[in-house]
Every structure is written in structure tokens, then in C-alpha cells.
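Please find the structures below.
Shared between the two complexes below is subunit A, which pairs with subunit B and subunit C, respectively.
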Partner chain A sequence: MTLAIETHQITKLYGDTVANDHIDFSVIEGHIHAVLGENGAGKTTLVKILFGEEMPTEGEIKIFGKTVTIHNPAEALDLSIGFIHQHFTLVNEFTIAQNFALGIEPCNNLFFCDYDTVNKKVKNILDMLEMPLKLDVPVGSFSVEERQIMEIGKALYRGAQILILDEPTSVLTPQKIEKLLDILRKLRQEGKTIIMITHKLEEAFSIADEISVLRKGVLVATLPHDRVNREQLIRMMVGEEPLITLKKEDHPFGDALVQVRNLCVNNYDNRIVKNVSFEIHRGEIFGLTGVGGNGQAELVEALIGMRPASEGDIRFDGKSVVHWDIQKRRLSGMAYVPENRIERGAAVSLSILDNLVMGHHYLPEFHQGLLLKYKNLQSFARDIIKDFEVVASSLEINAGSLSGGNLQKLIIGREFSLNTPFLIVAYPSQGIDIRTTKYVHSELIRRRDTGYAILLVSGDMDEIFNLSDRIGVMYSGELVAITKPEEINRFELGQYMVGSRRNC
Partner chain B sequence: MKAPHIVRRKIVQHALSFVSAIILALVIGLAMLALDGFALKDVINSAFSSTFASSFRFANMVSRMIIIILVALAAAIPFKAGIWNIGGDGQLAVGGFLTALAGFYIIGLPPVFHVSLAILAGMFGGALWASISAYIRLKFNANEIVTTIMMNYLAVLLTGYLVNYPFRAPGSSNAETSLIRESAMLTRMLPLSNLSSGMYVVLAAFLIICFIDWKTSWGYEWRVLGANDEFARYGGVKDKRMRFLSMIIGGALAGLAGAILVLGVNHKYMLGMGGGVGFTGVLIALIAANSPILILIVSMIFAILQSGMIGLESKLGVATEYSSILQSVIILLVITRSQAWSSISNLLTRRSLHGKHD
Partner chain C sequence: MENTIEFLRASIRLTTPLLMAALGGAFMQVSGVPNVGMEGMMLIAALVGYIFCFTTGSWVMGLFFGVAAAVIVGIIYAIFVLRLKADIFAVGITLNIMMGGIAAYIIRRYYDQISILLSQDAKLLPILSFSFLDKSPILNLLLNNYSLLIPISFLLVAATYIVFYKTPFGFWLRAAGSNPSAVSASGKSITGIRLSAFVISAVFCGMAGVHLSMGYLGMFALSLVAGRGFIALAIVLFGSGNPIIVLIASLIFGIADAASLRIPTEVIPPQFPLMLPYIITILAIILMSRYARSFTSSEQ
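Coming up: the complex of A and B.
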């Protein structure tokens, strides 16, 4: 049994923050190793150090038994380490081959590169990953899960023996997660070593040989998957504090706050949302689900005003809002937690304060004419940070230096604290840990109980079943079913999602 | 909450790297001159003679600086909001021309009103000229880098025609308007110098811009638009309106520069009076990362350099191109400094780590 990776007393400081605290972490060659831990525990930091994106403040790394210093990702690649980021890194305009060979193109001279050989190699890799994809179209035209697997392909192309994946499943739907896990198992058979960060315990149990838990920068334990159970893992992650249990009771709904009638949305000439009608009542959580890319995203964009409706009507509180701009809709009582936090939900190069101010800065308590009341904004921002437990050393640091989950908490905190009667919440538990997920869910239910209308978009079955009062399913741009969680089972929901069944 | 250490350290690091980049550029510039056979003493002496040696020289240098500050802000405000304004020169020309008309054709006003009106005319002209490019960009999505540059040429051609034919000063052999009225002239701070009471107007404009940038929702929304426009839109920021506004304000600032050149320096509009300063403004806005305070500092440095080069040229016969070379070196060093700085500090920390292991 050889060790692919062995770290000795790795410590990483960011200013006063101890992101990694004397970590001795080892990974057995040919195994899959899952890394768990709460938001901000230091998981991403640890793997960034292994990939040379960050230098450890202290400590030593051995790769396949050899002590090394990894200054940058190129050196990590030379040591056959590949990293699949929490976010995508492919160039959307390039083809697969251009992406895979980016920077290492086999070129005879300045002008002619031999993409035929690249394509051959790419094809082999895609075959192995069981992804028969077109080679001559830009990467941007592929789906999220295809691009996720392409990121793996790219690492393999570059000769990676050790693959590190940072929360690869957080953007995938359950079916696609299964597929990804199968691919990882296959890679293990081929002798690759895999490290996977995740917040989902089931995934760790179903795939990992060993499981490591980080907490507040410290490695709590590394255990074989069959020597630990769910409860023990949770305790290692969150400490002795018991998790909140959700309580959702039936209650009568109020009037229909949001009414969508025959809504159609186009993307150029493609009709992406087709004739959708539904309403959401005060006091109701309407769960919208479906396989990714079936029009949910565009429907939400039309509701908040980021995309024009081509036909149909949206009524909010009795008034037609289809021609209103985003600001007017927000001010009349809508808030929105978006599905992609880095592109849409935040400006990562700006401070936490600037990120929290957005949307609130229209409100009378925070401005006087053009003048922003920064004092009030600051104390309000501190409240959000506290209430939503965003781990951040100050309001002035860049939002980009927050851990993925903490950024998500910031966004949720900002939108929830607008206290609007209508909340659109897309994939809220993406990248947040178990405890925070429970907190966000309980907040959603609390808001429902006080009479808010909530549109919950999610691909997570547990989330949809536990929170929704009614469930809507989208398939190929149509709302093919509206039902209640107690009236269907998961199998039936799955049938709606793949379009083999409908009820409206 | 405790004071943010990281932030303070970052600011210090920023400033330090900035200053060292500029010092390094000066050293390189001096070395080039030395290699060219100039004695260091002469170089410093003659640079000094055209900058700080007399209050007259100093006043001219400051007058150069305030114009640079205005055109740099004219570029920086739109940059902040994520839209390019390379059109400072055209906006300055149109603003200057309108100012000259207002200064000549309006008669019988008391000086305060006449000057104010003429300045407003200049700012209006600059804003109008900028608004055309902004409109084309925001309505038809035509690249504003291209359109603002095109509008520079158009401004030269248009005002060139106007001052050559309909508005040419009677009897003048140059392309220039008639002298403005006495009541529209800004008082000179020093007889014969270029520095006029317009400097107070620039000071006020600078402070107002700082205020807008730091304290108002405009400054906030511009910042967000520049950092991530999808996030801004998502948050309800009216992206087009705010970008249009930033462009108009930028244009007005460039127009103000034209107005001050007319009312305080030349007392008429002359074709080409800006001398391409708008482009210097773009470079400074880039170097200073759109921060008003850094713009102030860099403009000062550029004004000293440009004025100093005049002394080198007249006293030592150094080619004027040296000034451009030196400015380019500064730009290169400042722009690459963050990379250089982080590798240097990486090296240092690595060394200290290794020291620990030994």
C-alpha cells in the first residue's frame, strides 16, 4: 500500500484566519478519498495547496513518497496532479480539443498546430468516460454535467494520476450525480487516485474508501468508510451541537400573490418556456423541479425581470408586472437567490459590504437622496453576517476570499433580509453544509408560516419533498405536472421529470 | 469588529509597490540619459529649472496638472462603470469650442455669470459629445472604444471647419476663434502664467467626484457595474442609465478641461489646443485603477515629468520623445507591478520558511 499524497503539519494562514491548522493528511494510491467538513473548514484551501494554487505557510508535502514544493499549478501537473475546481474553468468559445490542449498545443511552428492528434487523444478519453460528444462545437453549447465531466477529461488529458474534485456534485441533478460517481469508480479501477470534497454524506459512503473530516482548519479524523456511520460523521463535522429538526405543519394558504398565465419565454427563436401557468399563494412554498435545462432557469429569469416574456402575463399582488424592470419588481416585493452565485449572486472582486448592500440601497433607511448612509449599512451588514453565520474576518475583505458556502450564506442572508412577501430561491443548499442547510430550510419554513409566498427551485429530491406545499415539474419548457408531495412518490416524480408522464 | 488588518496591509502594499515602480522608472530614465552621455547634474538642474525653479514655472506646471486631472477623471468615471471613454480629446475640443462661442457672443453679463455660463457651455459640449458614443453603444451595442475614437476625429474635423470658416477670427491667419470678452476671462493667479482661478473650479470638481465615488449610490452602482454587470443587473441597477450617466459626467469633465484652456489660458479656441492630453488621461486612469486619489498623485507625477522634459529639451537638447518613453516605462512598471510584487514577496516568504527548516 503506497501513499499517493502525504502531508506533514500543513498550516495555512490568511492574515489572522487559520484556514489549515497542522494537517497530516494522507491518501492511499488507487483509492477514492472523500473530504467532508462545514463551510469554511478549510477543505478548498487544503486541496489548493496540493495543486500549487496556494503556498502553505508551513509544512511539507510528499507526492508518491517524494518530498516536493509545489509553487504553481503547472508544477502540480508535472507531478501528475489534476484539479477540478468548484467552478468551471473551460473556455466556452473553444472546442473540447482546444480546451484540453490549451497552453500545451502540439505545434510545429507558430501557426500550425496538430489538432488531429489532439482530437484522437480526446476521443479516447471521452470514450473511456462514456461521453460521445461532438468535437467540433464550442464547449459553451454543452450542458452543465457534460462540462463537469469535460473538466475531468481535461485533467486526464494532461496526464493526471491524482484527481482532486472540489464539490463536483453540487451543481448536478441526482441522476447525473450517479453517472459522475460511476465514472469516478471506473477511474479508480484504472488506477487513479481520487480526492473528492463533498457536503453530501451519502456520496461519501457510496463511493469513498476513506473519509476525512475537517473542522475549523483541523483534520479531525481519517477513517475507512466501513468503520464509521452517519451520526459519527455529523458529530465530527459540527461538534456536539444537535441539529435543528424541521417542523412543517399544514396551514391554510392566503390569496394567490403570484399568478403566471400562459407564460412563454424565448431565447432568440427558441421557445424555452412554453405556455406555463401556475400561481403561488401567500403562505405557500411552491417547489419547482425538473432535470436541469428544461426551462426552470428561464422561467425564474422572466419572473424577476432579467429576461423578457414573449407571451403571457405575470401578475404580482394583482398587478401585471411583465413590463416592469427588475428594480421595480424588487421594490414591489420580490427577492431572488440565484443559482449561480459567482456570476450573478455576487461581485467577488468587491468587499463583503458592497455585496451585502445591493438591493438594500434603494430602501429609505439606507439613503437620503443620492447619499448612502454607510453607517446604517455597516451595522445592517454586520447583523446579516452574524445571523447567517458568515465566517469572515471583516466587512472590507473581498467576497471572493469567502469559502464557497460562506458566499452562498451571504447571498441568502442578503435576499432573505429584504423581507419581501415573495422569495425566489434557486438551489439554495448548493455548496452549504448540513447545519446551514437545516438553518436555511427552517428559515424558509418560518417565512412560509408568516405568510410569504416562496418559489423554491431545486433538483434535490429531499429538499423538494420536505419543504414544498405543492410541487411543479418542468420538462422541455412545459409545466407537465403540479402535485402535492403526499400524493406522489419519488418514482412517479422521476417519471414526470423525464417526460414519460404528465398531469396538466 | 476589529480593524481589518488584511485590508490595511493590502493598502500599504499597494502604495509601496506603486511608489517603488515609479522610482524604478525614474532610475531607468536617468540611466538612459546617462548612457546617452548627459551628465546627471545637468539633467537634474535643467529639469528643476522648468518645474520648481520659479513661481512662474511652478504655476505653469500646476496648470498642466489640473487639465490632466480632469481628463483622467473623464476616462476613469466611465471605466469604473465598465464602459470605455477614449474620447476625452474630442469632448475637450467640442467643450472648448462652445466655451469660446459663449465667451464671445454673450455680451453685457457681469463676470461671475459670464464665466459660469461659459464653463457650463463647455461642460455641456463635452457631455453632448460623449453622450453620442454612449447612446450608440447602449442602444445599438456598437463598441464604444471605436466610436469614442471616431468621435475624436469628428470633433477635430468639425471644429476645424468651424474655426476655419464661419467662426474664424477676422483677420487671423490661424484656425482660431476671436478672443473672448474680458468678462469671460478667468483671472490669472500669476501674471502671464497659464494658471488661472480655474484651478478652484477643478478643485471643486475633484472633490465632488470623490464625494460621488465614495458616498453616493451612483458611485456604488458604478463600482458594481464595473466589477460584475450581471450582478448589478440582477440587483436591479439600471445598467444602461447608469452607464450613460457615467459617460455624460466623464464628457462634462473633459469639456470642463476645454473650458479652462479657453477661459484661463488661450482666451480663444484654437484647433489642436488640447495636444492629445485626453489620451494621457486614459493612461493615467488605467494606472491609477480609477481611484481619484491615485489619479491626483499620478497626474502630479506626469505634470512634473512633462514640464521637466521641456527644460531638458530647451537646455540640453534632449529629444522630446524621452518624455513619452519615460511615461511608457512608468505605465509598464505600474501595470506589471502586482505580479512582480507578489513574486518578490513569495520569494521572501519562501526564503524565511527555508530559514526555519535549516
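Coming up: the complex of A and C.
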């Protein structure tokens, strides 16, 4: 048994923040190693150090037994380490071969590249990944899932023996997650070593040989997957503090706050949302689900006013709002946690404070005439940070320097604190840890109990079943089912989602 | 007939400075950084080149030092943008204004001139004549006997095309523009790639400037660039850096430029033809942005 990776007392400081605190982390060659931990625990920092994107403040790294210093990604690639980022590192205009060979183009003379040999190698890799993709089209034309697997292919093309994946499943639908995990198992058979960061315990249990848990920069433990259970893992991740347990009681709904009638949404000539009608009552969580890309995103964008409705009506509190702009809708009582929080929900080059006050700044308590009341804004921002447990050293740092999950919490906190009667929440648990997920869920239920109308968009079955009062399923732009969680089981929900069944 | 030929020749002569600068601009554009400093690069190259061609009596020296001056500006531009992370538009525009000031200062302080520098000793860029074109009188009239950089500018279209789409360097450039993290993940340095784009861009703009003073006009004037750097930027944006589209757009502007000099002033007040290139620029940008929007949305 040889070790692919061994770190000795790795420490990383960002100013005063200790992101990694004397970590001794080792990964056995040919194994899958899952890394778990709460938001801001230091998982991404640790793997960035292994890939040379960050330099450790202290400590030593051994790769296949050899002590090395990794200054940049090029050196990590030379040591056969590949990193699959959460964002895509593919050039959409290029073909697969041009992407895979970027920076290491085989050139038979000074200038020109021989892509035939690249294509042969690419084809072998894609066959092994069971992805028969067209080789002569730009990668921009492939789906998100296909591009995710392409990223793995790219690392393999570059000769990676060690693959690092940072939350690879958080943007995938359940079916696609299974496919990805199968591919990883296959790569393990081929002898590759894999490190995977995830927030989902089930994934770790189903695939990993060893599981490591980080908490507040410290490596709490590394254990074989069969020597630990769910409860132990959670306790290691969150410490001794108990988790909130969800309690949702039946209660009567109020009147229909949001009424959608025959809504159609076009993207140029394509009809993406077809004739959708439903309503959401006060005191109700309406769970909207479906396989990604079946019109949920466009429906939500039309509700909040980011996209025009081409036909149909949206009534909010009795008034038709289809022709209102986003600000007018928000001021009349809507809040929105978007799906793509980093792109649409935050301005990463601005401070945390700026990000938190956006949308609140025109409320009367925060400005006097033309001037903002900074004291109020600051104490308001501090409250959100505390309630949603955003780990941040100050209000003035860039939102972009927060860990992935902490940025998500920030935006969720901002929109929740608007205290509007209607709340649209897309994929609330994406990228956030167990404890905060529980908090967000309990907040959603508390708001429902006090009479808010909530539209919950999610692909996570647990989330949909545990929170929704009614469930709507979208398939190919239509709302194919409206049902109650107690009236169906998961299998039936799955049938609705793939379009083999409908009830409206 | 004679008039038509003369008009076409003028169009070609006026196309070159735009084409050369825009091809240079394309190198930066495809790597993800628009070149807003082309106006200043052209102006300083035109001045320095002209001064060297009459002080040394050698057009080679003029060409070399003119281009070198533009490269220095390009490197300063790159340091501010790539290293100090300053805003690319702010630095570009500041450099343009500064080069105007420096040029005015130099001709005032050292040559005691207000806006124009003209010397009998200037050794201008050579005129190329190819004897094989003599056989066809029309082709000879139309295509022969141009100043050195004019045929070169058209050859550079092909060269740029090959570099962009056939060489590894071209792939890195385009990757840097399309998805910088693809470049850094593959272990290459974004800064290094963009720095070379700045330098190449400056060389091309330098040649465009040298052509204006040492080829087209045979003198230096503070107003000789006359917004061509910005028109070139519009051309680059219009073609999103594609050298073929850059060539077509440059020809259109070159023809418009030549036409603006030829419309009789009794028919239309002379100010209007002078506006022509700018009006076309604005129309082109409007059309392009509509095209770009429908393009990106269909991609989604």
C-alpha cells in the first residue's frame, strides 16, 4: 500500500484567517478519498494547495513518496495531479481535442499542430468514460453534465494519476450524479487515485474508501468508510452542538397570494414555458421540481421579472404584475434567491456589506433623503452574518474571498431578511453544509407558519418531500403534475419528472 | 477611368493604417483585453519614426525606432493593466492624451513648430514596384507602386489568420479571451500570453503610425492620426477580432475615407463627408451589438 499524497503539518493563513491548521492528510494510491466538512472548513484551500493554486504558509507535501514544492498548476500537472474545478475550464469555441491539448499541443514543426493524434487519444479516453461525443463541434454545444465529464477527460489526457474534484455533484441532477459516481468507480479500477469534496454524506458512503473530515481548518479524522456511521460523521463535522430538527405541522392555507395563469415564456422563437397555471397560498410552500432544463429556471425568471412573459398573466396580491419591472415587483413584496448565486446574486468584487445591503438600501430605515445610514446598515449586516453563520473576518472584505458556501449563505440571508410575503428560493441547499441547510429549512418552515407564500425550486428529493405542502413537476416546459407529498412516493415523482406520467 | 483608378488607390492607401492597427488590436481583443491605446501608439510612432528618418537619413531607422516607441507605450500599458490591475479603458485613454501632449511638446521644444513637422532630408518608406505587373496596364495602375507597408498590411491579414487559427499560440490567445481559467488550469500564464498580445499589438500600431507619417503624408502633423485609432477599435469590436472581417471592415472605412475627400464641396458642405467614417462606425457598432445579442441568446 503506497501513499499517493501525504501532507505534513500544512498550514495556510489568509491574513488572520487560519484556513488550514497543521494538517496531516494522506491518500492511499488507487483509493477514492472523500473530504467532508462545513462551509469554510478549509476543504477547497487544502486541495488548491495540492494543485499549486495556493502556496502553504507552512508544511510539506509528498507526492508518491517524493517531497515536492508545488508553485503553480503547471508543476502539479507535471506531478500527474489533475484538478476538476467547480467552474468549467473549457473554451466553448474549441473542439474537445483543442481543449484537451491546450498548452501542450503536439507540434510536428515550429508552428502547426497535429490534431489527428490528439483526436485518437481523445477518442480512447471518451470511450473509457462511456461518452461517445462528437469530436468536431465546439464544446459549448454540449450539456453541463457532458462538460463536467469532459473536464475529467481533460485531466486524464494530461496524464493525471491523481484526480481532485471540488464538489463535482452539487450542480448535477440525481440521475447524473449516479453516472458520475460510476465513472469515478471505473477510474479507481484503472488505478487512479481520487479525492472528492462533497457535502452529501450518501455520496461519501457509497463511493469512498476513506473519509476525512475537516472542521475549522483542522483535520478531525480520516476513517475507512466501513468504520464510521452517519451520526459520527455529522458530529465530527459540526462538533458537539446538536442540529435543529425539522418540525412541520399541517395548517390551513390563507388566500392565493400568487396566481399564475396560462403563462408562456419564450427564448426568442423557442417556447420554454408552455401554458403553466398554478397558485401559491399564504402559508404554503410550493415545491417546484423537475429534471434541470425543463423550464423551471425560465418560469422563475418570469415570475420575478427578469424575463418577459410572452403570454398569460401573473397576479400578485390580486394585481396583475406581468408588466412590472423587477424592482417594482420586489418592492411590492417579492424576494428571490437565484439559482446561480455567484453570477446573479452577488457582486464578488464588492464588500460583504455592499452585497448585504443591495435591495435593502431603499427601505426607509436605511436612508435619509439621498444619504445612506451606515450605522443601521452595518448592524443589520452583522445580524445576517450572525443568524446565517457566515464565516467572515470583517464586513469590508470582498465577497469573492468567502468560501463557496459562505457566499451562498450571505445571499440567502439577504433575501430572507427582506421579510417579504412572497419568497422564491432556488436550490437553497446547493453548496451549503448540513447545519446551515437545516437552519435554512427551519427558517423556510417558520416563514410558512407565519403566513408567507414560498416557491421552493429544487432537484433534491429529500428537500422537496420534507418541505413542500404541494409539489409541482415540470417536464419539457409544462407543469405535468401538481400533487401533495403524502399522496405520492419517490418512484411516482420520478415518473412525472421524466415525462412518463402526468396528472394535469 | 483615371479618376476611378485614383479613387481606388486612395482607398487602398487609406485602408492600410486602419487595417494594420486593427489587426494589432485584434491580437489583444482575442486575448480578452481591448486595445484602447491605439491612437496614442500610432501618434508616437508616427512622430518618432519621422524624426529618425530625417535625422539619420534612413527609413529603416525611422521604421525601427517608430515601432520601438509604440512598443514602449504598449509595455507601459501592459504593466498598468496586467500588473497593477488598472482599468484598461482609463489607462488607454490617458495614454492617448499623454502621447498627444508629448508629441506637441517635442515638436515645440526641439523643432519650434506648432503642429507640423516637415523636412527636406526625410527619407520616406520606399515605393515598391513589381515588374511582373507591367504586362497588364490596369493591374499595373491599380496594384503597383505602393509604399512599402501597404502590401505588407494585406499580407499581415493572412499571417494573422494563420496565427490565430492554426498555431498553438493562437489557441492560447483565444483561450485567454474566452475562458481565462482554461489557460491557468492548463498551466500557462495568462499574464504572459496577454503581455505578448500587448507587444504584438503595439508593433502593428507602430507600423500603422509610421505609415501615416513616412508613407502616406510624407510629414508629421499632430492631427495626422485623426481618430483612426478609435475607428480601428470599432473595426476590431465589429469583427470580434476575426482578421477576415477586420479586412472587410477596414476596406469599407478606407473607401469611406477616400470618398469623404472627393465629394465636391458645392454639393454637400465639407463637414458632412468628414463625418462619414464616424457615422459608419456608429452604425456598424449598433448593427454589430444587435447581431451579437441574437448570437449569444441563440447559444444559450
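By our rule, the second predicted complex is superposed on the first by the 495 of 504 C-alpha atoms of A that agree within 3 Å, B and C clash if a C-alpha of one lies under 4 Å from a C-alpha of the other, contacts with A are read in each partner's own complex, and residues count from 1 in each chain.
Throughout what follows, contacts are C-beta pairs under 8 Å (C-beta built on N, C-alpha and C of every residue); 3 or more make two chains touch, one makes a residue touch a chain.
The shown structure was predicted, so the numbers you read here are calculated from the model rather than taken from an experiment.
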Legend entry - Fit or clash between subunit C and subunit B when superposed on subunit A: clash
Inset, instruction - Could you let me know whether more residues of subunit A are touched by subunit B or by subunit C? - result: B
Inset, instruction - Answer with first, second, both or neither: which of subunit B and subunit C does A:267 touch in the superposed model? - result: second
Inset, instruction - Answer with first, second, both or neither: which of subunit B and subunit C does A:504 touch in the superposed model? - result: neither
Inset, instruction - Examine A:346 and indicate which partner it touches, taking first as subunit B and second as subunit C; both and neither are also allowed. - result: first
Inset, instruction - Considering only the touch criterion stated at the top, classify A:113 as touching first (subunit B), second (subunit C), both, or neither. - result: second
Inset, instruction - Figure out whether A:246 sits in contact with subunit B (first) or subunit C (second), or with both, or with neither. - result: neither
Legend entry - subunit B versus subunit C as contact partner of A:99, first or second or both or neither: second
Inset, instruction - Identify the partner contact of A:221: answer first if only subunit B is touched, second if only subunit C is, both if each is, neither if none is. - result: neither
Legend entry - Clash with subunit B (superposed arrangement) - responsible stretch of subunit C out of 92-100, 128-136 or 236-244: 92-100
Legend entry - Residues of subunit A defined as touching subunit C within the complex: 72-77, 83, 85, 87-94, 98-99, 102-105, 107, 111-113, 140, 158, 267-268
Inset, instruction - Can you check the complex and tell me which residues of subunit B touch subunit A? - result: 1-7, 9, 212, 215-218, 220, 223-224, 227-228, 230-238, 346, 349-350, 353, 356
Legend entry - Residues of subunit C touching subunit A in the complex: 162, 166-168, 171-172, 174-175, 178-179, 181-188, 294, 297-300
Legend entry - Contacting residues of subunit A [partner subunit B, same complex]: 14-16, 55, 57-58, 71, 304, 306, 325-327, 329-331, 336, 338, 343-350, 354, 357-359, 361-362, 367, 370-372, 374, 382, 393-397
